[in-house]
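Labels A, B, C, D, E and F are assigned to the chains in the order they are written; within every chain, residues are numbered from 1.
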Amino acid sequence: MRADGRQPDELRRIHITPHYLKHAEGSVLIEVGDTKVICTASIEDRVPPFMRGEGKGWITAEYSMLPRATEQRNIRESSKGKVTGRTMEIQRLIGRALRAVVDLKALGEKTVWIDCDVIQADGGTRTASITGAYVAMVLAFQKLMDIGKLNTMPVHDYLAATSVGVVEHTGVVLDLNYIEDSQAQVDMNVVMTGKGQFVEVQGTGEEATFTREQMNSLLEMAEHGIGQLVAYQKDVLGDVAAKIQG
Amino acid sequence: MRADGRQPDELRRIHITPHYLKHAEGSVLIEVGDTKVICTASIEDRVPPFMRGEGKGWITAEYSMLPRATEQRNIRESSKGKVTGRTMEIQRLIGRALRAVVDLKALGEKTVWIDCDVIQADGGTRTASITGAYVAMVLAFQKLMDIGKLNTMPVHDYLAATSVGVVEHTGVVLDLNYIEDSQAQVDMNVVMTGKGQFVEVQGTGEEATFTREQMNSLLEMAEHGIGQLVAYQKDVLGDVAAKIQG
Amino acid sequence: MRADGRQPDELRRIHITPHYLKHAEGSVLIEVGDTKVICTASIEDRVPPFMRGEGKGWITAEYSMLPRATEQRNIRESSKGKVTGRTMEIQRLIGRALRAVVDLKALGEKTVWIDCDVIQADGGTRTASITGAYVAMVLAFQKLMDIGKLNTMPVHDYLAATSVGVVEHTGVVLDLNYIEDSQAQVDMNVVMTGKGQFVEVQGTGEEATFTREQMNSLLEMAEHGIGQLVAYQKDVLGDVAAKIQG
Amino acid sequence: MRADGRQPDELRRIHITPHYLKHAEGSVLIEVGDTKVICTASIEDRVPPFMRGEGKGWITAEYSMLPRATEQRNIRESSKGKVTGRTMEIQRLIGRALRAVVDLKALGEKTVWIDCDVIQADGGTRTASITGAYVAMVLAFQKLMDIGKLNTMPVHDYLAATSVGVVEHTGVVLDLNYIEDSQAQVDMNVVMTGKGQFVEVQGTGEEATFTREQMNSLLEMAEHGIGQLVAYQKDVLGDVAAKIQG
Amino acid sequence: MRADGRQPDELRRIHITPHYLKHAEGSVLIEVGDTKVICTASIEDRVPPFMRGEGKGWITAEYSMLPRATEQRNIRESSKGKVTGRTMEIQRLIGRALRAVVDLKALGEKTVWIDCDVIQADGGTRTASITGAYVAMVLAFQKLMDIGKLNTMPVHDYLAATSVGVVEHTGVVLDLNYIEDSQAQVDMNVVMTGKGQFVEVQGTGEEATFTREQMNSLLEMAEHGIGQLVAYQKDVLGDVAAKIQG
Amino acid sequence: MRADGRQPDELRRIHITPHYLKHAEGSVLIEVGDTKVICTASIEDRVPPFMRGEGKGWITAEYSMLPRATEQRNIRESSKGKVTGRTMEIQRLIGRALRAVVDLKALGEKTVWIDCDVIQADGGTRTASITGAYVAMVLAFQKLMDIGKLNTMPVHDYLAATSVGVVEHTGVVLDLNYIEDSQAQVDMNVVMTGKGQFVEVQGTGEEATFTREQMNSLLEMAEHGIGQLVAYQKDVLGDVAAKIQG
């Protein structure tokens, strides 16, 4: 049994509030247990210089935490004057993951700016960001379709993410909260599509190693959890869901 | 009549959600019309090096906007690698204003970190930040008293802020929203105490000037609005309000 | 009586040396008591990107102190690699104040760069900068008129600034020197035009508050002092003064 | 068949020159095909502040490329004034991987600084860096043992890394060179120990996804390649190899 | 004949105003033709960390130009966020030159901060800075002796600097102004002591080369000019001059 | 006799490996005793903005050290976020020196990027960089001629550099290694052409001064050493040497 009473393969309660902010083309508040992230998708009518003239769009992401999202106040990256390595890893991951399910040619020369701002952190902020950002992005595309700026939904599959890990005494578990994460020997973030294909697998032994058998268990548990997350995304998207290609 | 139907001396709807985040000693979500700011107060058991050994506390503030708090996405200051002049002005103002009503000796050698993060902006974000941060700070002090880390509430008065301005065609108005703010000839931010004293008056002609008579009207309207804000703060604080000295 | 023998409403000795440097279009050395600031106005034949094509000019200011302008040597901002919040506040104030009395359309697509470099500081450096920068700017415009690059003097009023404050034991005083400034409970910087209108009022309680009555006294004393400063500016400008519109 | 004539599961020629530089405690030049990396291990007699007094050591890594290691000259990160996200990801990976096979308690309060400088790049620079840095680190520990600053070799297993991927037309291949890497649909970096356990698996679909079956093939091929790399490391280390615990 | 009517071996008019600023321990305004530099010497009662406990002092210099010291306004280094290579070269040169004539042991564990701020530039700003900074430093030492913080003048020789160069059509000339400097094929800065020894020789062909014979002429002309500069320094220092050791 | 057994006027063993890296247009590894520098020349088909349209080329240089090129590990400039003054001085010197022997008009609107990366340091890294960079640059020009992108070799003389100095007890010596350099009273870097003309002379007393006689000895010894370096460059360049103009 886990500290919060969950079964090893049980997700935390998830809730997504769509249209959370009034200015962004797409926005959600995603809550995964006590982890809360505001995800917005902003669409700009041009691409970065290195992509101009190719007739393709681009998706890029930024991630940040409020200073007091965490138990201890952390210093703002704007005060430090630089973005940490952890933040860079996460924002590169979010952008790459979303690009895997979007038809960039169908999007045309537009940039999608994803912003994931963690207002409260309790583990799994990067995977919650991906799951929420996907919904915010689809809502933004829908808004562009509504005002005639996009002809088709340029998304060919669902996309969600979760963490799995090997925690001392507890074994292989799904969707680690902060306490579990800090005790994990192996920590793996998995991003998958609605059709069950992998987009990203990042497994790390924390001053530890893991066997092929553990790897297999971890991947299966992730598959199970992501299936549930995708089902919930479909609920939240309602009518819009029908337009997801594939 | 104003665009949103308000009388010239009418505040926007205000709402403060206390205890908005679980980790911070004190936190609120303040909503003033469509302006929404998360204010947290974090308390650290030491003061900056230049104040050590004086037996006094310190209060400092940081202010930021989510990139998509605004109509157009604005670039993160962490990405720019520096904090803008506007942000610096605002965070200096918030810290200075709060220090005016706190007995820093009674606080002892502690630092209060105020974080104001605007999640949605519609004018008046700096004054909403002050009004909200005051409540978050009082809640944080109450929490320290509850756990025996502070003997008395080191606050000797209420504190709230609003904006007033001279808007073309409309004249002198209270609590400007974004549209009004961008059309104002004169823009004034006023911070006052519960007893009706001034803490800060910042009046600026925007490529314009103003007369002594206008100045007087502006100050009177601010006084009127801040009185209502303080009354609302008392409601929100409930029992805690009784401990505010003075 | 004040420490330096002045009456409460007495300015320090002011002296402006016009044409202080040979390269700038306009330049002065302004001395207000022991405060000495070199102010230059440089004119560039284009505006920043965000203003191009609007047929209007722009005025922007920078402010700095020599490291040993002060009692203790202060670290250069170029060594720190960033400009402090105080500096940013001051340079935004100077630029905003000057824009209030210039007809930016009559100026045309030009940028006026104001540089205020404090070579010796004894309180009131920001207000001395405004009073001096105004003269340097008018001299620069006159030079442009002399060489046929400008048809009319695009300035429609005089502009000067001073500080007022409430100092312990002494009460309300005009034009605070460094000692008075560091003891002031209330510190107010006021920028006014030659016609007696306000451009900027920034009043701050330093861990203190102030009443409406004090506010009124402060404003009256500022009005009195600025009248004298403007009269002196007219003397310094001589023939050029006749061209100031309004 | 692959463009350079290799079989799908064939590594490129590998060569490690031990003791490549005279000042570092441990150093190698590792060549994997045309990829050449100088790896050094420097040992400092203290740990970072956050670890002091815990009786444990620390390992941290830095990674860089000479500007002309690549086909096109890339701008130095020192000129840009900041380290890119890609560099940060790589240096975090190298440090984390090495820490997985070192007994930090046996090391004591020392910091191992790993520097990996790519002098010529042809794909796989991060995995070559790990394979080379491991040898440089062991040589540095040996040097400390020789001079009596360390009692036992604090390393409990071998460690090497390689890349595997899915390349269009060619299928699953081992040890991708630059051309293959730029054409890969799936790119996976795998770090394993001499005993065949995983330390890190980072698989990424490049605007693509991959199946569980492909995942399995990739992991098997990585296992095969890393076995050969570890065998070569043992050869290079000679006598020292006997001291690796485990 | 030179453009400004000087003989090839003729210095520009030099003037040094001692005690130019009230706060610094030592300060001068040095004018060499139209080049004007404020030099201050500030003395701090400690040395940088890398020198503590050695019983020796340190001398370090900073150099800057006001934005409008030059014909074209130059951007402040504080706005750029970094110090240029040219500035760094000059400040390293000034510090090194002064250290050559000071007995750092006799100074004791103190740091001398030299600040050279060019308020008007017309060539030779770095050599004027050295000549002026030397006087400011001696005045600062004298002040410390006056208040009993120093027993002897820790300076064992005079120090002055000038430029020499090879200018097209004109040949070898002394003390180049800006026009000559920009046309010079060879540019040489020379720092010498009162006894006629070299401290620093920096000769550069500007996309050109120079012969040994030209080198000799340049050095002789520099020697001649520096002799005159040292004589003038003695005049300015008056009684203090007698205390220079050696 | 010197510590390493050399005569006062004896160079260290020099070795240049041409075509050291595969991607750069020109590259060498230069070894001067234990000092080892990788020099590359990259050619870009455009010039910086300030030179466009003038029909001339540009040469610019960057210099860096691997962290463990030195006895003590030095912090990367990319980690510090800024380039030190020493590095800036060196890279400005390298670029300036090379420009003195290149006909920039014959080069046309191209930029030559020189990169000097010190992989092992034992004194004289800046002079080794110049001697090596010259060869890398000539090789790059030859490559452009081979592929028809340049008609003539735009180089009109050879160029090499060495250091000379006055070392306690030993006297005037040529080509100082690290130990000698750290004990030198006078340190002089000299850059000369194949025809024996000076390009740059930088002589510095290290908290010391030097006489005209010492200056002469130093220059003569430098002349002697550079003659040998140029002879070796000719050997390395082989057939290409015949194309150097002049």
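By definition in this document, a residue touches a chain if its C-beta (ideal position, glycine included) is under 8 Å from a C-beta of that chain, and two chains touch if they have at least 3 such contacts.
Not measured: the values here are computed from a predicted model.
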Can you list every chain that touches chain C and also touches chain D?
-> none
Taking chain E out of the count, group the remaining chains by whether they are connected through touching.
-> one piece
For chain B superposed on chain F via Cα atoms, how large is the rotation, as a multiple of 5°?
-> 180
Where the centre means the average of the CA atoms, what chain is farthest from chain C?
-> D
So, in whole Å, the Cα centroid of chain A is separated from that of chain C by 52
Between the Cα centroids of chain A and chain D the separation in whole angstrom comes to 29
Expected list for chain D, residues touching two or more other chains, is 81-83
Following the ring of touching chains from chain A through chain B, in what sequence do all chains appear?
-> A, B, C, E, F, D
Chain C-facing residues of chain B, complex = 82-86, 88-89, 91-92, 96, 99-101, 104, 157, 188, 193, 195, 197-212, 215, 219, 223
Of all residues in chain F, which touch chain D in the complex?
-> 21-24, 27, 34, 38, 40, 42, 44, 62, 64, 66-71, 73, 76-83, 87, 113, 115, 117, 119-120
